[in-house]
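Both complexes below contain chain A, partnered by chain B and then by chain C.
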Partner chain A sequence: MPTSNLLNNTRGQALHAYELERPEHLRDWLQNRYKVLQPVHDQTGNGSWEEVHAGDVVPFDPALRPVMSPKSLFFAEREQMFTFDGEMFRTTTPKTEHQVLFGVKACDLMAISYQDHHFRDDPYYQARRKDTLLVGIDCSSPCENGFCSTVDAGPQVHQQNADLILTPMPSINGHSHGWWLICTSDHGAQAINGMDLPPADSHWRYWRDMSNEHALADFADDTYIINGIQRINARAVPDEVWDTLGHQCLSCSGCSQTCPTCSCYAVRDIPKDGGFVRERFHDSCLMVGFQKEASGANPTAQAGRRVARYWYHKFSSDFKAANGRIGCVGCGRCDITCPGAIGVHSVMEKIAHA
Partner chain B sequence: MSIKTTSTVCPFCGTGCGIGLRTENGQLLGVEPIRNHPVSKGRLCSKGWNSAYGVERQNRITTPLIKENGAFRPASWEEAIELIHEQFSYHLEEHGPTSVGAISCARATNEDNYAIQKFTRVVLQTNNIDHCARICHSPSVAGLARTVGEGAMTNSIGDVSKADVVVVFGCDPTESHCIIGSEIIQAKERGALLIVVDPRKTRLAKMADVHLQLKVGSNIALVNGLLNIIFANGWENKAFLEEHCLYLDQLKASVEEYTLEEVSKRTGVPADQLIQAARIYSHARAAFLAYGMGVTQFVSGTNNVIAISNLVLSCGQIGRPGTGINPLRGQNNVQGACDMGALPGNYPGYQFTNDPVAQEKFSKAWGYQVPTHPGMTSLGMNEATLQGQFHAMMIFGEDPVVTDPDQNQVAKVLKKLDFLVVVEMSMTDTASFADVILPAASFAEKHGTFTNCERRVQRVRKAIEPLGECMADWQMIGHLARRFGYTGFDWETSEEVFNELAALMPIYSGMSYPRIEQHGGLQWPCNAHAPDGTPILHRKGFPNGKARLIPLHHLPPAETPDADFPYYLTTIRLHFHYGCGSMTRKSPILERETPSGLLFMNEQDARNQGLFNNAPVGVRSRRGYLETRVVFSEQMPPGLVSMPYHFDDIPSNQLTNDAQDPVTRMPELKACAIRIEPLAPTARPRSIKELREQGECDAHL
Partner chain C sequence: MLEMTPTAVRLIERYDDGEDIIHFTFEPVSIEAGLPDVADPKKVSPGQFFMLSVPGKGEAAFTYAATPDERGHFCALIREVGQLTESLFDCKPGDILGARGPFGKGWPEFGQRKVLVIAGGCGLAPVAAEIDALIANNANPVVYFSARSEAMLVMKNERERWHDAITLYEAVDNQDGASKTYLKGRELMTNLDTIMAEHGGFDEVICCGPEGMMEAVCHYLTDRGFPADHIWLSLERRMHCGVGLCGHCYVAHDLVCVDGPTYRWDQLGELVVKEKFVQPPRELASMGHAEEVSDGCCSSEGGGGCGCSGF
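On to the complex of A and B.
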């Protein structure tokens, strides 16, 4: 099914692992052949995906996960789809170059994999995606609001979601002993070919699993989320609960904007030189106009219906058949950005107690 | 090719949320909320999320434009400045400095506003400078200056999270100041008690513990009634009143006549709700009171503010964390524009233009004698124009034709002006009347500072280069002043402007760009006494020594419904739009959300007139007429209808009354009488342009 070469790789074969003193060594090596983007501490304090040039002395912070997911690097916030000059339609193909996203967390990688599938026939998305090598990084502890373990997206990177994975060696008395680099695809193998890294000793798998167990044990109680998922799937959430939640939805679109798996867009035609340019841009199903039909009819005119629809799309197993998994990857971003205090944690808590 | 994120401040309301502008090769890609911002903490509203659309290239004016034979043609900066110099010089010479003036901009930076008022006072030699605070919070500035001494939020937005009672008076922050609304929602979730005072059943009113759904324009009766209950039960804060307040006996005596029965009758609020609200507010450990346009936009605007201040002081809910009297200000920098002295009666830092000491201070600092004649407000300049005494005006970034009351009157004024300069980003109704239009740089294209409604001065940073020949207002002012032959306007950077203004303003004297950056914004007063700023005012006392309680009485709106015009119309804001809509309406998402101006109406009222949901209607007041569609709304009580004012094609200010508050000349935007004339069910409402062309715009009964 996947159309890009990157996704047709040697999944299932024995993994190769190497020892790596510092992640920066790998990044500097990759810079010889690729444009490399990594999370950088920026002026806003949010962290952002920025290009790190060869020779730049930018440290790599393994803990930094930018406020915004890397979604827009493939599914742009706004982009031109085609132009019409009055006679001819011309598709606009995005300019791309071979690039590496360096240090992507398990949740965001799961979201990319989800979107790879959703946008499998989308030329704009695929143009950017097929030229991108993904270097994942395992998390060793839960982040603020994160519940990736509940929705089977982390904290450890799923090997089919990245080309290369960085995992920290166990630290003893707080001293870090370096990293293992796990190669999970042909593309990953090609990328490090010639780097001449020492192979990892055979215990690496054991230690990686141990560290995953430790991380899992640190997650906060998630019973209410599991309960909420059950209720949503059983359609056991009363409409009044959704209405109460909907009353607090200010239609800001922040949850959709920060959600790494939200993929809805709208289009508009901008007149230009006797023809027009069609542009597409991120949209959100929490806006009242999202489902409004030309007749004026609107199946989700009530805020409660829109909120119900959103969470159904994130947690219902009805979408598993089509997309391979549920929509939520447990990153917790919606909870931080929601001005109505109805992000994922509050919603699930209220549903569980409904 | 590289992506960069620039940290700046949202250009819409007075909350002052932190946004990151993501750019690539000089193009705006998108917006993100700043996670560790002290106010917004990673949240934005729909306007903030869409702010990149508002400044994009489409529709932007990128060169100076000069009107010739009724049409605009591009011109060079030299040519435009030459023409402005020639025209203003002529009118200054011929009619004197009282015949010219400027309207400054609550959307522009502090640096821009400072430069504009300095130019007006030094070069144009007049105090005729004003801005749109006149039509939002001038009563707050005037009222609070009289009672507690400072016309600004006494506390910080973060104080909502420390309150056990929150009072929302005459505003709907979840629509107009979303992130403050968000704080209130979170406070409610945490268990705080919420009291909402509003004739509409707003989102927060539905969530409230007590909703005082008063009749439009009965604020003072309501507050006096609450005070009477509080005094009668001995619930006032006696220790606070004793130590900090004057004239308690007069206040007590004046509210005695506001008996429970009488107040309940006048306000329409049941007696037990009045008692509940009085009890909850007076018994709070910390009560945060926020208010908005539902208090100020009345002929009794200043008195409404004073009444609220009486209530707050009587219960001692001020000067502590989680308390305060907090006007929610509309524009990103309306606080700053006031701070900068873009007001006829104030120099920067609220130093009075009629104070000889201040006159001498500014004459010395600026190197030119400042004018001593009193300045006119914006509506004053309009009236003077119609009387033939005012001839040339500069308007910076405002669209009074859409946002000011009685639109037909404003248009008449602009037409009558001999010379009008408008500084704008895109063509607005107001700009179309101009003789010269100067192209303004957007917030994304300049450095500077904005001051939010909690008095926090924050850095605005340039993310992209100005489009075409656009420039910041302070730069244009520099060019103009040089042409007029004046010195003292030769700033190289916005930081130089800031350093000049901070040195002249005791409340800003401890601020500099590096210090603002280091602290994530500084709240004034920030000076030697408070080097790290002042999140909470009046902790130890009041600037005038003691706070004043001022007795006052109920006054109905200037126009009340009657047989001919049976409904009250109140103007409102929608979450998705801002001001005259010139920025928000460029976002396809926001435009889709609210495609057109709408009339919100109680379903029963509508049914009584035989109207269905979305039915086309004509709306008529004594001043104007327009057409739109009716939307049934649970928010509206019978007898009251509302219209958003954002839309230039269906402008609610066709209808509004310009009756004014005698103290501040604030027009009564919140109440006027209208009638609704059903159109044929299949009719399409005509836009104001069509109505004007067909000559049906003016009021005819």
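On to the complex of A and C.
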């Protein structure tokens, strides 16, 4: 494997692509060296990211995207930060092993890239992230509620966001012709070194772009989302509109939990053996106590202000300078989850016409 | 990588310094490997803060009321307002706590510029170390300090020292039973007029206190032509992590723990506007269209602002 060239590959030059009959072949190969996690159909019907062991007969469903993104595999839902024994503080380093996330969609990969930047100096996040190989998969059609194309996150995987990318060969007359495997990083090249895959037909790039065009043509009208983003940027949404949306918010934090880019957390100390351990856990800016100070002062006591904050953080260009892009990756999970009907589609529709 | 685990510090001194307010001094438990950052005078500047862990009770942000000395001793002025401070007030000298920092942006370097310091109540703590630094620089700052009552005039020892070195104005809202005559705290504008008349020509103003007071001071100054980019404030928000990760202390796209807590007034003003609904000037929005499209301009509901009835 000409690994010296591969550094250039991440900058978009001379990508190596191979033919692959079935995604499972790659997965089984990777299981020899890594712990492999993939989306699995489970009893909840929501799907989940689960470890698939060597020898398990688990099909890989390219269309399955679990309701929970892989966010918590790096930014744990709940984790220990350190212990105190009464005299000394000791950092708890997360136990990690080399792992592969197999079959991550473009939206979730963009979110991981966004989180990589936010948590770039977080020792807990980075301990898990640095040992992880990302295998992305291109989407061939829009998913329910998804609008990744509107926010420049998909449906095609951005090559800098994954180590390896699976892309389906075009289906002509309904016959499926297998997959291409695109290698986009050194880490990816090392992982497939020895697989002896046949190189891809030189037209793969054309066909991949054509599939992308097909997928893009299938997306629903997104005018209200673009309009909503413009109104947020213009600060043209009246307070009363946010207040009305605030009344519909149950503060359940479902949107924050499912949002792959939400990164807020809180901490709590738990007494243990004459000392204590500090844990951190996911938090949400939609909770009434999120900004409440000990004195009782609360800059965002009104639900409308908190809802405004949430969507400002997801869509405002004000964050581009620091984060490189807007906060939303268009996965649409908040809309699936929200019991108060103020997920992204309902909110953007309302503020676009406010 | 960020260090999110505290360093063990020992409470070495505490004394009452106002109603429900205690002045604490801490030192690092171990300095074998050198002073930890949180207690290193070379790392800490006035206006920055640290996170103090009270074992088992949690962690909260406190400003350095005194930055560390060469032994690593540093101070905090703390009011009892919640569960964490309640536990802290039960701590005795010798008790072990946790501290990490320093965090945030301190006050800018003022060198020998002429500085007016305006503080209200516990807002004296974030400016106290800066007053000491200015005195050490022979910058001869003027200080105005106001509180609810004489009992709330915090930092007695520091003020005693300052009285000998600089001009310090003290004001209280409620003069009942006061041991001496203070300026009238409720007459902030008159007091500032007096200070301006007696000292005038300040290069910079730094201010910390309740947000209403800081806003009043900023408006007082800018109304009189004082440049907004020479006014500095310190903002209080709920700082949870101190390192810009947890999200709690946001103001618009800023996180006060890393982008603040000190702010220049014009920059803070821009941030505050970003959290508000803005209406464009009405006349501009509808200008010109009525003349250009005279027929059928009001076919849609609401019309185009041309004022005709649509018929």
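Quick note on the criterion: the second predicted complex is superposed on the first by the 341 of 354 C-alpha atoms of A that agree within 3 Å, B and C clash if a C-alpha of one lies under 4 Å from a C-alpha of the other, contacts with A are read in each partner's own complex, and residues count from 1 in each chain.
By definition in this document, contacts are C-beta pairs under 8 Å (C-beta built on N, C-alpha and C of every residue); 3 or more make two chains touch, one makes a residue touch a chain.
The structure presented is a predicted model; accordingly, all values stated were derived computationally and were not measured.
Per the definitions stated earlier, placing chain B and chain C onto a shared chain A by superposition produces no clash, and the two fit side by side. Residue contacts after overlaying the shared chain place A:247 against chain B, while chain C stays out of touching range. In the superposition on chain A, A:44 contacts chain B only, with no contact to chain C.
By the touch criterion defined above, A:152 reaches neither chain B nor chain C. Look at A:209: by the touch rule set out above, it reaches neither chain B nor chain C. When the two complexes are overlaid on their common chain A, residue A:322 makes contact with chain C while staying clear of chain B.
Of the two partner chains, chain B is the only one that A:68 touches; chain C does not reach it.
With chain A as vertex, the superposed Cα centres of chain B and chain C define an angle of 80 degrees, given in steps of 10. When the two complexes are overlaid on their common chain A, residue A:266 makes contact with chain B and with chain C alike.
By the touch criterion defined above, A:84 reaches chain C but does not reach chain B.
When chain A is checked against chain B and against chain C, the one touching more of its residues turns out to be C.
By the touch criterion stated above, A:283 is placed in contact with chain B and with chain C alike. Here the smallest spacing between CA atoms of chain B and those of chain C, following superposition, is 11 Å. In the superposition on chain A, the residues of chain A contacted by chain B and by chain C overlap at 266, 268, 270, 283, 292. Interface of chain C with chain A (complex): residues 1-2, 4-8, 29, 53, 55-60, 81-82, 84-85, 96, 98, 236-238, 240-241, 243, 245-253, 274-280.
For chain A in complex with chain C, the touching residues are 81-82, 84, 86-91, 118-119, 121-124, 126, 234-239, 263-271, 275-276, 278, 280, 283, 285, 290-295, 297, 299, 305, 308-309, 312-313, 316, 318-319, 322.
Across the complex, chain B meets chain A through its residues 1-7, 18, 20, 22, 29-30, 32-36, 41-46, 48-49, 58, 174, 178-179, 181-182, 185-186, 189, 203, 206-207, 461, 575-576, 588-589, 592-593, 614. Those residues of chain A that touch chain B in the shared complex are 35, 37, 42-46, 48-51, 67-68, 72, 76-78, 247-248, 250-254, 257, 266, 268, 270, 281, 283-284, 287-289, 292, 296, 336-341, 346.
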